[in-house]
Amino acid sequence: MGESKSETGLLAYIIPFLAVVPVLYLLDWESHEASILIVAVPFMTFPVILIAGQIYNGTEYWKIKLKEGGILALGALGVSLSASLWLVYDYVDSLPNFYDQQSIIQWLEWVSFDLLQSDYTLTSGTKILGMGVWIDSITLMILLVATFLCFLICWFSLGYMNTDPINEDRNHRFYGEFVLFALGMFGMVLADNFLWLFIFWEVMGLCSYLLIGFYYWKDSAAYASKKAFLTTRVGDVFLMIGLFILYDIYGSLEFSVIFHDPSLDGMVDSNKLFWALLMMFIGAVGKSAQFPLHVWLPDAMEGPTPVSALIHAATMVNAGLYLVARMVPFVDVGHHGVAGLEELGLIIAYVGGITAFMAAAIAFVQNDIKKVLAYSTMSQLAYIFTGLGSALWFYNNDEHHAAVVVFGASMFHLFNHAMAKGMLFMASGSVIHEVHHAHDHLHHGDHDHHFDPQDMRNMGGLASKMPVTATAMMFGSMSIIGIPLIGGFWSKEGIIAETWLAALEHEPLMFGPAILVLLTAGMTGFYMSRMWFMTFAGEPKSEVVNHVHEETPWIKMPLVTLTIVTAFGGFAFALLGATDYLSSAYDYSGHLKLHESTLISSIIGELEHAFLPEKMNLRIIGWITIFLSFIVGPVFAARIHGGNLAKGESATPLVSWLVSLSSKFGSQDVTSLAESELSVALQNRLYFDDLYEGILAKTVIPFSEFAAWFDRKVIDGMIKQVESKSVIGSLQVRNLTTGSARDYILMATIGMLSIIALLWGLN
Amino acid sequence: MMPELILILGLIAIVLVPNLGDAKFRLPLTSIRVPVLLGGSRFDMTNDPRMPNRISNLTFSLALLSSLLLISESPREVGGILMVDGFSRLFSTMFLGALLLVSIATTHRLPAKTNAQVPKESDSENVFDRKISILMDNRRQVDFYILLIMVGLGMTMMTMATNLFMLIVCIELASLSTYVLVAFHKEDATGGEAGAKYFIVGSVASAIGIYGMSLLYLWSGSLDLDILRQNWLSMDGVDPFAAFGIGMMLVAFGFKVSAAPFHLAAPDAYSGAASPVSGLLATASKAMGFLALFRVLVMITVPEGSEAIWMITLSIFAIVTMTWGNLAALTSVNPKRILAYSSVAHAGYMLAAIAVVGSGISGTDQSSIILTAVSFHLFVLVLFKLGAFLVLALLETEGKGHEIEHLHGLGRRDPLIAGSMFLFVLSLAGVPPLSGFLSKLLMINGIVSTSASTGSSSSADVISWAESVDPLFWLAAAIVLNSALSLFYYLRIGLVMFFEEPSTEKPLKAAPSLRMAIFACALLTVLCGVGPVSEWLLDMVSTAIGSFMYQ
Amino acid sequence: MISDPLTVITIVPLAVSLALLILPKISGSAEGLARASRAISMGVALAMLAITTMIFFGEIGNVDWTDYNSGYSLTNDAFALIPSIGVQWKVGADALSFPMIWLTTLLIPISMLVEWDAKKGHLFHPLILMMEGALIGVFVSLDMFVFYAFWELTLVPMFFLIMVWGGDDRKYASMKFFIYTFTASVIMLIGILVMYFYTPDVASSGTITGHTFDMSVMIASSDYIPSEGLRHLVWLLLLIGFATKMPSVPVHTWLPDAHVQAPTAGSMLLAGVMLKMGAYGFLRIAVSAFPNSTVAFIPLLIFLGMASLVYGAWVCMGQTNLKRMVAYSSVSHMGLIFLGIATMQPLGIAGALFMMFAHGIISPLLFAVAGAFKHHYHTLEIGSMRGIAHHSPWLAAHMMLGWMASLGLPLLAGFVAEVTILIAFWMSFGWLVLLPTLTLIITAVYYLTSMQKTIFESNDPHQGILPDTLHGEEPRDISWHENSGMFILGALTILFGILPFLFWDMMSEWSSGFLIETLVEAMQSEGVKP
Amino acid sequence: MIDPSWIAGLGVILFGVGLIGVFTRNNAIVVLMCIEVMLNAANLNFVAGTMHYGDVDGWVFTAIAIAIAAAEVAIGLAIFLSLYSTQQTISLDDATTLRN
């Protein structure tokens, strides 16, 4: 297409951006010095986009050449990406150990102050809440994920956002906020202390608010954005309290001080620390949409699809995981950690287990393609929480090996999930975009016609219409389900197995989360398959489908890239020892196995590790997981939703096997099930939203109205009482001046008598 | 004695001059007509209705000047019953100043031809104006100024009296003249009523006072202040004659200073009288009462180092007075009554300060600071209280001024006059840096500094301290709270002047000398609050108080 | 360069404004002056800003603000005003007052800019200039009398601003504002007078009363007050005056009325600087002079702070008027200042100082936004309009920024203050911190709800739901001057959010020095552990 | 010679009569007369005092007090006339246009 060619030319604009990092390299900068650019360049770009966009809105150059700021955003993110790649290149194999590490670089002494000690003297030396850079394997991994995905999603947005007429002349807002969002995540990951972690964490909160509410005129979007912000705010506030406690305990919020100031060994009150960590965990729960602060996530789908991809894959929800991952050193009794914090791990694991199960259950009945993905996100994050919970538990019980494994697995799952979910959202975006486009094409300007382009009941049989998307989505779903050898399999297995290990060998209470995550594995298989089948397999469920075709090149590129990463990345990284490497942040031993063994032997070793672990019970758990997720879930889904394409349509070979396979299991009518009470409850999200809103409507709103009434009537009323009482008093006093001189004389006489009485009486 | 002589000369002049005419006396048995100048058809100059005013202005100016020049005169006794010293000169300066202002201010309006009629609301504008001008242009003006000079004479004499009886006589001289002045306000049907009430209540009060004085005489056998003091100090316990005598004299002076509950006639009198006269009552007449209180309470009855018998009584009356005044003014809709009640409230403040003098601090610096504060307050009160009444007098030239509506939109009609008025009420309220603030501050300072140190020094919390502190401390609190209360009605005046629509856009009458008096008051109100003038004045007052204290 | 810059920045605005107000009234030939008064006022205000900025950068006076021990800087030779009672003209600034001075000089031109085309501009802008002189006077004067005089003088221009340019109920509001705060400051005056009385005679030769109003002497001689109870009482009297100004619950009710009725510039200055006078005075006088009482009354401070913060936030949520809501949010935020002081930690006190400053740039932005709603949509009723972001994108953007800054979003100025105060609060009072911290959620709720119900939610991408009060008028975005005013405020909010140390360092040093010099002894004697 | 205390006692009675009179009677003229009675009570005291102390000051005071009373009467009557001419009454209870 002619248009697409000229648009590719626009990429020339980002070349200068991409050249920044190489130039700096040539100028003898160090990569950690350049790390400031990861945050600074987007930070300088976003106001430019916002303000220039507002001013040059609608002009030709801005709209066509700069894609309403999209090109600038892409360039800025390109700088971040290249700078973080540089960091990865420099540090990937030469990381200092966490416990010996200082901040790589101090950027600014943000706030400095003294404290009064209990002997009434000031602390010697000024305390500083500053900002610097911290780099370890977790940082590198999440930074890479974030920059990479942000770049791709921005790319995707160029196709997705700019072609939607409803967004016309508004996209500068999108890109500006997008860039800000991204920098929030970058900054949070790079920060070398909890305060700046929190600061960037909040920046993300703001941006999620702005972006979810991008279609501000929609009631639902405005409501959803508010809900997202407030729900996460609840968590954030507790996180803040956690930070206060932490500061009180350690006298600093810097990782380097908190984690390896030897003078603090044995000085820390475990009870206090428990509360600090619990408070921080509540923050993470809010941000990562875990039970019971999960209600915002599904509503957040009101934002444009790239935003969903951004929130769910690249940035926001990972923040909570990152925070919990940073808790490890507190509980790692092998090093400076404090003993007696097992409950924390349990609580985290339970929250994870419950959320995983609940979200998967709700995902069963969702018909909105993005909602399914949203619940899937929730569920998968819950896996990671469960894993981290077990990891913390292990660390605290000095089960070092198990801890390392499950921690690494959790982090690795974060990576896999991010890649797959980013891709899935973009793919779903592609579907929605094209379906919407086709619908517009079909019903020109007919706005009254009610049609939801996100509803899977309007789709079906898209596999032939959208080959790239269908393929991408298939791999993404597989990764999420944990189909052996693909993406998430490598990490999910580890989480489930180690949780069971904890339950079986150490702590019976761990059975709860263990069972829940195991069940969820099967449920994941069902709902992800269901989504794919409903969308791509079977016959078209509405005429719109016939007019769908993939068009925009901006959309395809990220999909293809991520499909490759998802399909092979998991295995590849597993081979490289990602699990060990990621947990090496808190460990002496882990390194990427770059130079250690031959490819074949490591493949065999890895496969053996995955399918035939040494411990028997792990082996059993592993196979049960595979059975549930690989066989049970998908087969049920295929029975209900699977089916061949319409006659004459054919999909690419990559997916056609799946389509035809899906028709092999017969079909089952589930109408009665769909109308059951359970299903209704699930559709209503188990009534959590209603519950919260009911509580708010019954308590907060009336109380605030009461407070306003109280202020107006009682407090101000008292003041007014003073006024009105004195007016009445004044009138009464004035009435004493009757006008009759006789009364005046009488009063004077009384006055005289009282003077005499007083003089006489008092002496 | 210079100022008094000037006043007497002025009195003679004002009686004679307007009667000068071409009357000739035919020498008996001859046809030679000797011009005797008195009577006949008068010369143009003496016929001029403004003539008495000029004489009066001149008299008061000269008297004021001489009083000012003689202010540092060394103490001198005259005839055993008068004593000229800095203190008396200070007060006579104040009285003469007030009278001069009144005299100047009345240039443009004064009462009464026999055929003059009081304008009615229903009159058309022309008729109304004509009636006013008839009232203005009147040869019988002279009566007013005679009375004014008589007031001046009474007041200046009373400042010097060292004999209680002389004091009362001089006060009566001044008072009787003011009764007539109040009733003089004939454009208004209320003048007679106001005069009658003021007279009758005032007479009862002075009768009580004179009776009290006679009791004192029975007790001590002399009314000389020094002897009274010696007798008082050597008195064993409290003699009922003495106590009752003092108490009854308090009634008479209480009426003069318009302390509650003797003040009831005052608002009526103020609102019925011509505004300059009301102003005179609220300032000079009140100061006269306070001067008398100084003499009786401070000079006679304050024992060294212990509490005076009247301290608590006076404190109670002070609090009642200030609260009554402020409360009543709060909802009043007649600006003259508002000012009258405010004058009552101010009397309360000053009474509170005087009450503290009786707390056993006699002879100390603190008591002289308090007296300085009260005197200073009386002094500056002349500026802004009288100034405020003069603004109302300006409104009275168009027959208005007794309803708050008449002040509406004054800021638009005449911003300078309205600004001055605003300044006056702010100063009355005690807003810094105006002189009203300074004087009030000094009074409160006196009270606080006397009483705050009395609290138990071991009390560790507020309540135990509050229980242990001298109750006089709460007088200061009462003053402050009352000041806050008073703001409501003072600000209301400012508010209606600047933010209400005027009923007419017509500019105010020119009345240059009245305006001059107002502006002089406004200027001095500011100058006496801050800067060298206030220093000089305060210095003068405190020196004078020094001479009073160490007589 | 300028020998006595503080006197200059106090007197020049006052003198110019008086000239601009009075001259045209007196002589008709000064008509031209009236026309130019807007420009002249702005010029003077900008010149003052230039002076204070130069002071900040050390161009004038070369002050090291972070040095607590050097005491007041830029002081002049005391010049006697009323020697009889010991009143002097004595000015100076330190790290406590300087940020406030700078803030004043900053906000004055901005508030003029925002209301650049106010009605009766020949009076409006000079009045604001007068406000500047009075406010600076409060912050610079080192004589208690002059301090008090300026304190009251600030009421006058504000009273007129509300009375003349206010909303429908302006008469009631302005009276209430004036009387309420005046009454409180009169109560404060009693306290000042008691302090005054106890100044030692030696320092005041030549006065009739034997005492002096010199602030440092008065503060230093508070030890001469013999009774602990009286010291407590004086402290409480001062507190009443200052807390009313701040304002703290339960003496806050003048604020919403005044704010709702005040013109935009008035609200901006009221919230931006006038409220800070309370906190400034509290630290400068009450805490400095009576450290023991302050320490003894820490529970009271906490109660007041908590009440303002928590209760204020709840009341905010029940408001339907945008400006009223913002006004109550000021009450709520001012509560944090008391909490910060109550911590008795340098961190908390510095946080309180920074709160004063940060709120001083954020709240004017809020009120500018609210004022713009009133100006362009003729209503402040939350919920009477929807989707205004479509018609007024700049306004919506400023609203977003201001609201977010006020609810304590990081990287915006308010956060620094909030987080430092709360850290210190935890260190001193532990779990009590839950209350203020959870209130942040309430804050978020009311801010977000108000935004949702004004600039969002029209259900039509091409049209907002306009309020009835617009009467079919075409909705507009804010004008250039409003926009630039808000823009500067927004930019500063971000600037000080990211680079708080510009002012933080001096505040922190001041707090440490202040605590050690003044409060530590009291804490030891009262047995309060840090 | 009558004991001065009897005279003073008569003065007290007179004063009481006058005092009760001033606030019970309505007619301004009668009130004026009561005031005269009160002043005369004071005069009796002065006379008694003179007798007791044996100096002449009291007589002088008495004479002047009588003069004051006369002046008062003159002025009072004039003012009452003025009141009567505007309000056609000299009843104190009726002349109440000025009040509150």
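Which chain is which? They are A, B, C and D, in the order written, and residues in each are numbered from 1.
We adopt the following convention: a contact is a pair of C-beta atoms (placed from the backbone, for glycine too) under 8 Å apart; a residue touches a chain by one contact, two chains touch by 3 or more.
Keep in mind that what you see is a predicted model, and the values were worked out from it rather than measured.
Simply put, of A-D and B-C, more C-beta pairs touch at B-C.
Comparing each chain's Cα centroid with the centroid of every protein Cα atom identifies chain C as the most central. For subunit D, the chain whose average C-alpha position is most distant is A.
Averaged C-alpha coordinates put the centre of subunit A at 99 Å from the centre of subunit D.
With centres taken as mean Cα positions, subunit D sits 65 Å from subunit C.
Our note on geometry: subunit B versus subunit C, Cα centroid distance of 44 Å, whole angstroms.
For the pair subunit A and subunit C, the distance between C-alpha centroids works out to 39 Å. The set of subunit D residues that touch two or more partner chains comprises 19, 22, 28, 31, 92, 95, 97-100.
Shared contact sites, meaning residues of subunit A that touch two or more other chains, fall at 734, 737, 739, 741, 743, 745. Under the touch rule stated earlier, the contacting chain pairs are A-B, A-C, A-D, B-C, B-D.
Residues 726-727, 729-731, 733-734, 736-737, 739, 741, 743-745, 747-748, 750-752, 755-756, 758-760, 762-763 of subunit A are the ones that touch subunit B when the two sit in their complex. Every residue of subunit D that touches subunit B in the complex is listed here, in rising order: 8, 11, 15, 18-19, 22, 28, 31-32, 35, 38-39, 41-46, 48-49, 52-53, 55, 57-58, 61, 64-65, 68, 71-72, 75-76, 78-80, 82-87, 90, 92, 95, 97-100. Within the complex formed with subunit D, the subunit B residues making contact are 165, 169, 172, 176, 179-180, 183, 186, 189-197, 199-200, 203-204, 207-208, 210-211, 213-215, 217-218, 221-223, 267-268, 271-272, 332, 337. Contact residues on subunit C toward subunit A in their complex (touch as defined above): 180, 249-250, 252-253, 311, 314-319, 328, 344-347, 350, 387, 389-390, 393-394, 397, 400, 404, 409-411, 415-416, 419-420, 422-423, 425-427, 433-434, 437-438, 440-441, 444-446, 448-449, 452, 455-461, 464, 499-501, 504-505, 508, 511-512, 515-516, 520, 523-524, 529-530. The touching residues of subunit A, when paired with subunit C in their complex, are 50, 54, 108-118, 120, 122, 126-127, 166, 195, 198-200, 202-203, 205-206, 209-210, 213, 215-219, 221-223, 226, 229-230, 233-234, 237, 240-241, 243-245, 247-248, 700-701, 703-711, 715-716, 719.
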